[in-house]
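Each of the next two complexes has subunit A plus one more chain, namely subunit B in the first and subunit C in the second.
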Partner chain A sequence: MIDIRNVSKVFNTGRPNEFTAIAGISLHLSLQETTVLKGPSGSGKTTLLSLIGCMTRPTSGRIFIDNREITSLPERFLTGIRRTTFGFIFQRFNLLRGFTALENVMAPALPEGEKYAPLKKRAIDILGMLDLDHRYDAKAEWLSGGEAQRVAIARALINNPSIIIADEPTAHLDGKLSGEFLSIMEILKGEGKTIIIASHDPLVYESTLADRIVEIRHGEIGGDGALP
Partner chain B sequence: MSRSIERQLHLIDFTVGSILRRKGKNGALLLVYTLVIFVLASVLFFTRSLRTEVAAVLKNSPDIIVQRTLTGRYQFIPVRYADSLRSIRGIASIAPRLWGYYYDGGFGANYTLMVPTIDTVQSGTIDIGSGIAKLRKIGIGDIVPLIGYDGNPQTFTVAHILADESALVSADLILMSEADYRVFSRIPEGYATDLILTARNPREFPTIAEKITRLLPDTRPIVKNEILRTYDAVFSWRAGIIMLLFTVVILAFFIFSFDKATGLSAEERKEIGILKAIGWETGDVLAMKFWEGIAISLVAFFLGAIIAYAHVFFGGGFLFAPILKGWSTLYPSFTLAAHVNAGDLFALFFLSVVPYTIATIAPAWRVAVIDPDAVMR
Partner chain C sequence: MILHPAILALLVSSLLIGTMVLYAAWYGVRIVAQWDGTSGSERQILLERRTYFVATIVNYFLAIQIASLFWLVYTADTLHTLFAGTMCAVGTFEVNRFGFPTVLIKLATSILAGIWIILNHADNKGFDYPLIRVKYWFLIILAPCIIVENVVQWFFFIGLHPDIITSCCGSLFSPGGRNVAAEMAGAPIIPVLQGFFSALAITLGCGTFFILRRRGAIVFSLASVITGAVSIEAVISSLSVYIYELPSHHCPFCILQPEYHYIGYPLYGAILTGVICGAGVGVLSLFGKIQSLAKDLPPFQRRLAIAAVVAYAVLTLTAIAAITRSHYHV
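This part shows the complex of A and B:
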């Protein structure tokens, strides 16, 4: 269970450009389900994902993951949770240019201090699962849009996280690649992963992948309901 | 192997990959960095080695040299002056010395001619330094013509090549018998070039020198410590000139490296954000930047120091030798014995590797402590 209790996030506090991205949201997300955070640009979806994914701290309120409060943890522990519990798929994939697909996939696992050979094998296996085993030594900038997306997914899976967080994953993909992405997420869902996606793409929130859609507007929950 | 070592190895591996991505930029930085280290290390090696050589020369030199002057100009000294000086307390030994310079026009080199005070050289033969042997391509048994005071050549047979314990001591040296030297130079019997004195207590040198001047007012005593001080000052001064010339280069380098290290590009900032977002701690990012600074500065340090070593001790320091050696370039060429001071290298290391590494870490720290959610936007 991911338990979000009365969480707010205010940027530039006390300055003329202060703005509230999240205004007192409370939400309970079940594990092993797929939740889609739906809403227009600037509604606060990405900020909520960042808060759930331990990338930033709320200005007020608390977040619990499996009954463990994460909001008051020191940065080091927060990073550890981020690394082992979450796998991130960013809007623009955010691959490291100049590094190969394999190096990009391995990057989140490097601070774990795992032996190189098994780590490399695992990365190649994941790339193979996503039909990219032939492109593992290609630099990130040489990859096509679809390949870059699958490398980003492989990177999110390298530490075997229980929760996958994806921010507007189909924003820069055509219909075919978006379909491929959803198929991969279906497989991961089948493996018991919890998936949280922020998207305003109907292809995503109208897909069979979504168990629950949470609508966000102006930093508040506008509509929340489990799909029939 | 523990996980923390494995983790550092992963970070080093990642850092090397990161450096190699920007070959042009990092290559240029490495080149300039190496050049600066090379210049600094060359000057350090050169001056240190010259000083050590000079100290070696002076170690075996007499404690006090007494010369005779007339209206301030040098004159031959009567050997009988030695008898007058024996009455001064504290003097252990006095001996007359015959020596002088010889300019070899054919080879454009200056030699030092000397009559040995301890060993003897047979009449008609000479012992020569390794520098002369190499310069004139001669060996034992070869006949060498030398132009005497009257302009006529006199021939000598090479009997020995002097062992070059210190090239600076013996490279340009020719030893000949007293009789031959007097004929060759026309220094009359009863006169010598100077008198050499040894004293029991170095602290008495100034007192003895003062007594010599009082006893023989037309003489000039030269104390060993003063020569050492003069040489030291001359080399320090010459090294200072080089350093001054390259201060501009060093300053330019510091501005360049400071700018490179402190100003993270937008791409580098984004990369740090991505690494933090995918689970790297601030400490991991700083460790990566630390290894980056160490890798570049250490490679530059070793490259610069090794090239400087080869330049000074194998190449004779050909780039700076004209300034550092001054008039002594007229000597036959000699290779400096390799004297490297660990303290100098340590100082060079701390002045180059440490500031650059810190300059690399500092800006990364400012970025790495920011919440990684910036990369989501």
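This part shows the complex of A and C:
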């Protein structure tokens, strides 16, 4: 269970440009389900994802993952949780230019100090699962949009996280590639991963992947319901 | 006041340390009064975000505080040529009534600073800030001590004038005198050495036992602190005569000079390390039952014990070398 309790996030507190991105949201997300955070640009979806993924701290409120409170943790503990609990898929993929697909996939695991050979084998296996084993030595900038997206997914999976967080993953993809992305997510969901996606793409929130859609507007929950 | 670069460096560093520690102590008062780990309030989250930052900065400033003890002694030793009648740092400290209080208070605050650094390190090992109140209470007590030291040190430095005729170490640490220094210097050499090496043997034994069996933390801690005090007495009354090869010279500061191969620095460095790390083992054992520290505290205590044992082993070997290489025989 991901338990979000009365969480707020205010940027530039006390300044003229103070902005409340999240305004006292409380939410309970079940593990091994797919939740889609739906809402227009600027509604607070990405901020909420960042808070759940330990990439930023709330201004107030607490977040619990599997009954463990994460918002008070010192940074060095958060780093470990980010690395092992979450896999992140970003809107623009954020692959490292100049590095190969394989190196990009291995990058999040390198700080763990795992031996190189088994890590490389695991990365190649994941790329193979995503039909990219023939492109593992291609530089990030040589990859097509679909390939870059799959490398980003492979990178998110390298540390075998239990929770996948994806921020507007289909925003820069055509219908075919978006369909491919959703198919991959279906497979991961079948493997028991918890998936949280922020998207305002109907292809995503109207897909069979979504178990639950949470609508966010102006930093508040506008509509929340489990799908039939 | 003498505008010597070393004095200015000490004053500036003391000002910075004092300011930072005061700020941190004020912040500590808020932590002690308002900390509530179960709350998700804006105030609590702000405290959590700032404590890591404040504690990290204080950690480095207190490390400088420990280093400044040696820097103060080195500076006093360097300046002694400016005063008539001096041979070493003792003469500089005797220029006015604030000299020795400065050294003694700085010694005390350095030991306390070392223990705070150990507490802070242990606290950072726990995910739930397990020693947050303890370390800030400690800081609230330590801060006034450091401020007092800064004030005393300030009066010491502004009272330094080159025209002052002062006492040399020979008169202060003379066995015939009637002050504490003279009484320490006049203690019988052989019994003090016997006590010194016995204390070292007991501490090394307790330390080794703790490292191997993880038992007896408090006994080892007490032994380390007592051995530190005994070692200071042994340096003044007994080791000094072997190092100087003079039966009447007991100065604890001349051994910091190049003529004696700066042997005082490893001796005092080992004593300070032994006391701080040894005391740290005992202090941490008080928190052994905290669940979030259960995994990380024992290896940290073990590392501290190893550091204390190595320090006292260095002290033992240095003392033995000083005695065996000396031409002086009791």
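The rule is short, and it goes like this: the second predicted complex is superposed on the first by the 228 of 228 C-alpha atoms of A that agree within 3 Å, B and C clash if a C-alpha of one lies under 4 Å from a C-alpha of the other, contacts with A are read in each partner's own complex, and residues count from 1 in each chain.
The criterion applied here is as follows: contacts are C-beta pairs under 8 Å (C-beta built on N, C-alpha and C of every residue); 3 or more make two chains touch, one makes a residue touch a chain.
If you're wondering where the values come from, they're calculated on a predicted model, not measured in any experiment.
*Asks:* Please determine, from the superposition on subunit A, whether subunit B and subunit C clash or fit.
*Replies:* On the shared subunit A, the partners fit.
*Asks:* Take the Cα centre of subunit A as the vertex and report the angle out to the centres of subunit B and subunit C, nearest 10 degrees.
*Replies:* Value: 50 degrees, nearest 10.
*Asks:* Contacts for A:S162 in the overlay, against subunit B (first) and subunit C (second): which applies, first, second, both or neither?
*Replies:* neither
*Asks:* Once the shared chain is lined up, is A:P74 touching subunit B (first), subunit C (second), both, or neither of them?
*Replies:* second
*Asks:* With the two structures laid over each other on chain A, which partner does A:T20 touch: subunit B (first), subunit C (second), both, or neither?
*Replies:* A:T20 sits against neither subunit B nor subunit C.
*Asks:* Once chain A of both complexes is superposed, is A:E112 in touch with subunit B (first), subunit C (second), both, or neither?
*Replies:* The first partner, subunit B, only.
*Asks:* With the two complexes superposed on chain A, say which partner A:R5 touches: subunit B (first), subunit C (second), both, or neither.
*Replies:* second
*Asks:* Between subunit B (first) and subunit C (second), which, if any, makes contact with A:S60: first, second, both or neither?
*Replies:* A:S60 contacts subunit C only, not subunit B.
*Asks:* Tell me the contact category for A:R97 with respect to subunit B and subunit C: first, second, both or neither.
*Replies:* In the superposition, A:R97 contacts subunit B only.
*Asks:* Looking only at contacts as defined up top, I'd like to know whether subunit B or subunit C touches more of subunit A.
*Replies:* It is B that touches the greater number of subunit A residues.
*Asks:* Could you tell me how near the closest CA atoms of subunit B and subunit C get once both structures are overlaid on the shared chain, in Å?
*Replies:* Result, nearest C-alpha distance in the overlay: 11 Å.
*Asks:* So which bits of subunit A does subunit B touch that subunit C touches too?
*Replies:* Subunit A residues touching both partners: 57, 75-76.
*Asks:* Which of the residues in subunit A come into contact with subunit B in the complex?
*Replies:* 46-47, 49-50, 55-57, 75-76, 79-80, 82-84, 88, 90-91, 94, 96-99, 103, 107-108, 110-116, 155, 159, 167
*Asks:* Would you pull the subunit C residues touching subunit A in the complex into a rising list?
*Replies:* Checking each residue of subunit C against subunit A gives 37, 40-42, 44-45, 48-49, 52, 124, 127-129.
*Asks:* Sort out for me which residues of subunit A touch subunit C in the complex.
*Replies:* My answer: residues 5-8, 57-62, 71-77.
*Asks:* Within the complex, which stretch of subunit B touches subunit A?
*Replies:* Touching subunit A: residues 2-7, 9-11, 13-14, 17-18, 21-22, 267, 270-271, 274-284, 371-373, 375-377 of subunit B.
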